[in-house]
Amino acid sequence: MKVLDFTVRSNEQLNYQNNLIKVTPADNGTLPEMSPGQFVQILVNNSGNVFLRRPISINLVDKEKNEMWLLVQRVGEGTRKICETPAGETLNIIFPLGNSFSIPQEEGKFLLVGGGVGAAPMLFLGKKLREKGFSPDFLLGGRSQRDILQLSDFEALGTVYCTTEDGSLGEKGFVTHHSVLQKSRYDFIYTCGPKPMMVAVAKYAHSNKTGCEVSLENLMACGFGACLCCIEKTTRGNLCSCTDGPVFNINELTWID
Amino acid sequence: MDRLKVNIGSLELQNPVTTASGTFGYGTEYADFIDLNRLGGIFVKGTTLEPRQGNDYPRMAETPSGMLNSVGLQNKGVNYFAEHIYPKIKDYNTRIIVNVSGSTVEDYVKCSERIADLDKVPAIELNISCPNIREGGMAFGTSCQSAANVTRAVRKVYRKTLIVKLSPNVTDIAGIARAVEDEGADSVSLVNTFLGMAVDAETRKPKLSTVTGGLSGPCIKPIALRMVWQVYNAVKIPIIGMGGISNAADAIEFMLAGSTAIQIGTYNFIDPAISMKVVDGITGYMDRHNIKSVSEIIGKLEV
Amino acid sequence: MDRLKVNIGSLELQNPVTTASGTFGYGTEYADFIDLNRLGGIFVKGTTLEPRQGNDYPRMAETPSGMLNSVGLQNKGVNYFAEHIYPKIKDYNTRIIVNVSGSTVEDYVKCSERIADLDKVPAIELNISCPNIREGGMAFGTSCQSAANVTRAVRKVYRKTLIVKLSPNVTDIAGIARAVEDEGADSVSLVNTFLGMAVDAETRKPKLSTVTGGLSGPCIKPIALRMVWQVYNAVKIPIIGMGGISNAADAIEFMLAGSTAIQIGTYNFIDPAISMKVVDGITGYMDRHNIKSVSEIIGKLEV
Amino acid sequence: MKVLDFTVRSNEQLNYQNNLIKVTPADNGTLPEMSPGQFVQILVNNSGNVFLRRPISINLVDKEKNEMWLLVQRVGEGTRKICETPAGETLNIIFPLGNSFSIPQEEGKFLLVGGGVGAAPMLFLGKKLREKGFSPDFLLGGRSQRDILQLSDFEALGTVYCTTEDGSLGEKGFVTHHSVLQKSRYDFIYTCGPKPMMVAVAKYAHSNKTGCEVSLENLMACGFGACLCCIEKTTRGNLCSCTDGPVFNINELTWID
């Protein structure tokens, strides 16, 4: 873990509420090894209302360009201010934080399920799996076509299935209603997104006896294990979702009874 | 570095900058960010006799220039601390001080006794001011009588430096400070968090699972500073001041108001290296103002 | 607009949004910015029996998300108010409530008697919580006994709506609220400012001429909200809540926690039209949530 | 008095610490009548540390362009953020506030003394006097040449004398040491600047039995008479420097005994 100033290389508004921000260390140092599922804590500049840092997943690490990608959804003042940071400006970031998705050692059928901006870490994970020689499937859900982000990036890594609530892209409905879940059997499922979606995915995985990891977005104050605010009830007691997580195996969680 | 030395009773700190209990884990959480050996001291996480799993999620809410927490003293108990954590941190070149909490006087006494056995822990901070546990906790810190009782009981069994951490949720904090001084406390630390609350207007629900929680951060600084000043004018024992410190100027203000040492809490979350910046900033201030020893500024507010 | 009506005892307010004493002058200071007739009420400047020139300059210091003041009840006395100011404001279509302060019980009684004569002042707010005057003031509000004494004495001579303004600088604000309720107060308002302090590290001097002063603004909101909630659970009389309200969501939070009406103080300095925005924001909230009457949300926190 | 959004038309950095910001009502409304000595209260955007508005004098009103000029010195975060507002952005301003300098009815010798950024309201006052047909003298002081601001603007309005502490422009020393004060006798003196300077000017005026008005910069919370924080001790008791001032006749003040 490090606190470091990053320079914003580019900041692209992807749709009405999401920005893709690419950053590189301001001191030109080389990015350290990072793993899919890990996140960063961003200091919010220029805000009279935001006090704490904001946790954002690592969307991708581009080693060649020495860039880290952050996919940010504007939901409140913190994310709005982050999204308003123009190229050339600095973001102060604590990174990398948290555990990561477990990377399988053997080939298998892997499904990566992302809901809305929750798909962010799935791109990094997909890339990692791809680098291992695997061909992951992606299942992306959103309210509407415009909420499905980075589609071509995902398509470069594997087969992509989509659901939208209004049917404007892919199948109509929620991700857990997608027909691929009926047709295919997966060896492992990874998911990140709104809690109700993750619970539904976890239940699907559980009832199909498929291994499953979810990435939580609990409220955090520090992000590195010091405050004990971000706990999740698990079979091993209250664990910090910032250090013991954000990735948990659903067997550890108390979501399914 | 001698010019930064301060004394809390017989306990010497290499500098006045320490970190506040519950915001700094066991120190190791920050080892990536700073050189722990450069701290004046580390007040480790609130420790209780028995393990506690703390309160339910959500435990945190952001507030204007601060935050509420209702962690509720989640910790694995004093024995786990002594056996598994202490060995890992005891050799840092700083002072490890254990923050002791409890629900009954007996809890405090037993926990303190266990800590007394640990050679490299030269002091305890008696937390009679935690607003986040149902029994005991803050209740001990809100009356002179109960504050005196628990201090007296622990003093009997604990010979090393005894620091009592005061609650700000009181009418007369100076009176409580005097009460614990009278029972032999070597020092008082203040303030713990203010009891506060946050509500989500849209859902109509409290933001914390416990409804109320402890407020900390820069928002409380003016009140904390006033309390340090009041206590400084009421007791002879050294004061460890805290509440919203986020830079060296804040630390110096607390020292001018009467703090011998200071603790940094919540701001560690914003800048995990803040403690080092405060150490350096104090040195810079002393250089600029031609101050030989940092103890020259303690209580030197010009009123 | 009937859906915004609330009652403080027998006093009806056209809406729950009022402005806090000492931050809104006599209302006229804001006449350029807003339509005063749209306010639920105006709590005018702290008024004392005799004229007071207040404390020395400097009287103000900015703090994180707030400010300290030590105005010290500068005012021209109740007679001047009655003769020169009252005639200018009495015909506004809102409730004019006078905030009455004093150093002795007798002061409070005499001042209240004088105000009782003024037809268009339907209520007084008894300020037993001013931290900025040397004698009396906050001292009355920090013990149940003295709070009860002054309330009882004023109640005897004052028949109209009697609101007692509580100090947050206490261990048990609910106990004090109960004490004044028992003496016949029609309502309690809370909170007044928190006693705080600010220091200039460079000059080593306090930033206020009085060393300590009263803290207000968004920084205190979490503590104020908690106190409203505690008092709501302790008394039956209506509560007028305040402390850091800066938008409609804040106002609604205070109402959910148990406030029948709210006061906006310091934020008027930042946005002199904030009170109108809060009135509109409450209406918008009610529309969005299908709420017929604003009184439906009072105390409706879902715990 | 009004609260209004202004658009920044231009923002020019005059030297290492001062900016000249020209603003115009965002709604294109016509600026109301304003008088020299009056000030405005500016809301500081994008700051985590500034809570209160910041009082700034009206430097000039350009009726033709419908512009108000603000001369701002960066001393802390509030003024820094104001100076960082680029052209095109908005500043929320309460205006016009306070009383104003008294404008003489008859011709006479008038001296306008400004110290550093305190010279700001003197430009507006000088223009007003000029419009009345008078020829005011200006005496501007600063630490060094670069601290003397808007020199050519002042020179367009009357004779300008300068002092600098390092002698880099005009006479060396403080304004009250300038030889013109020995040579000439003035009918009225106006001054604004650091308090010690104003006190010295007031004492000079007093001992020469010259009428004198000073503009105070007391700490303010509201700026419009509601908080009673900005008081100045006067012969008429504690007065608000935001409504009874910021301009006071030195006879009212307790500076000279």
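Letters A, B, C and D name the chains as they come in the text, with residue numbers starting at 1 for each one.
In the analysis below, a contact is a pair of C-beta atoms (placed from the backbone, for glycine too) under 8 Å apart; a residue touches a chain by one contact, two chains touch by 3 or more.
Not measured: the values here are computed from a predicted model.
If you average the CA atoms of chain A and of chain D, the two centres end up 54 Å from each other. Per-chain CA centroids place chain B at a distance of 47 Å from chain D. Mean C-alpha positions place chain A and chain B at a centre distance of 36 Å.
Across the assembly, chain C contributes residues 61, 63-66, 217-218 that each touch 2 or more other chains. For chain A, the set of residues touching two or more other chains reads 48, 50-51.
If each chain is drawn as a node and touching chains are joined, the picture is one closed loop, every chain linked to exactly two others. Under the touch rule stated earlier, the contacting chain pairs are A-B, A-D, B-C, C-D. Chain A meets chain D in the complex at residues 46-48, 50-51. Chain C contributes residues 22-25, 29-30, 32-33, 53-54, 56-67, 69, 71, 74, 217-218, 266, 268-273 to its touches with chain D in the complex. For chain C in complex with chain B, the residues that touch the partner chain are 61, 63-66, 68, 142-143, 169-171, 194-199, 201, 203-206, 211-212, 215, 217-223, 225-226, 229, 244, 249, 252-253, 256-257, 285, 297, 300-303.
Taken in their complex, chain A has these residues touching chain B: 1-3, 43, 49-53, 94, 218-233, 237-238.
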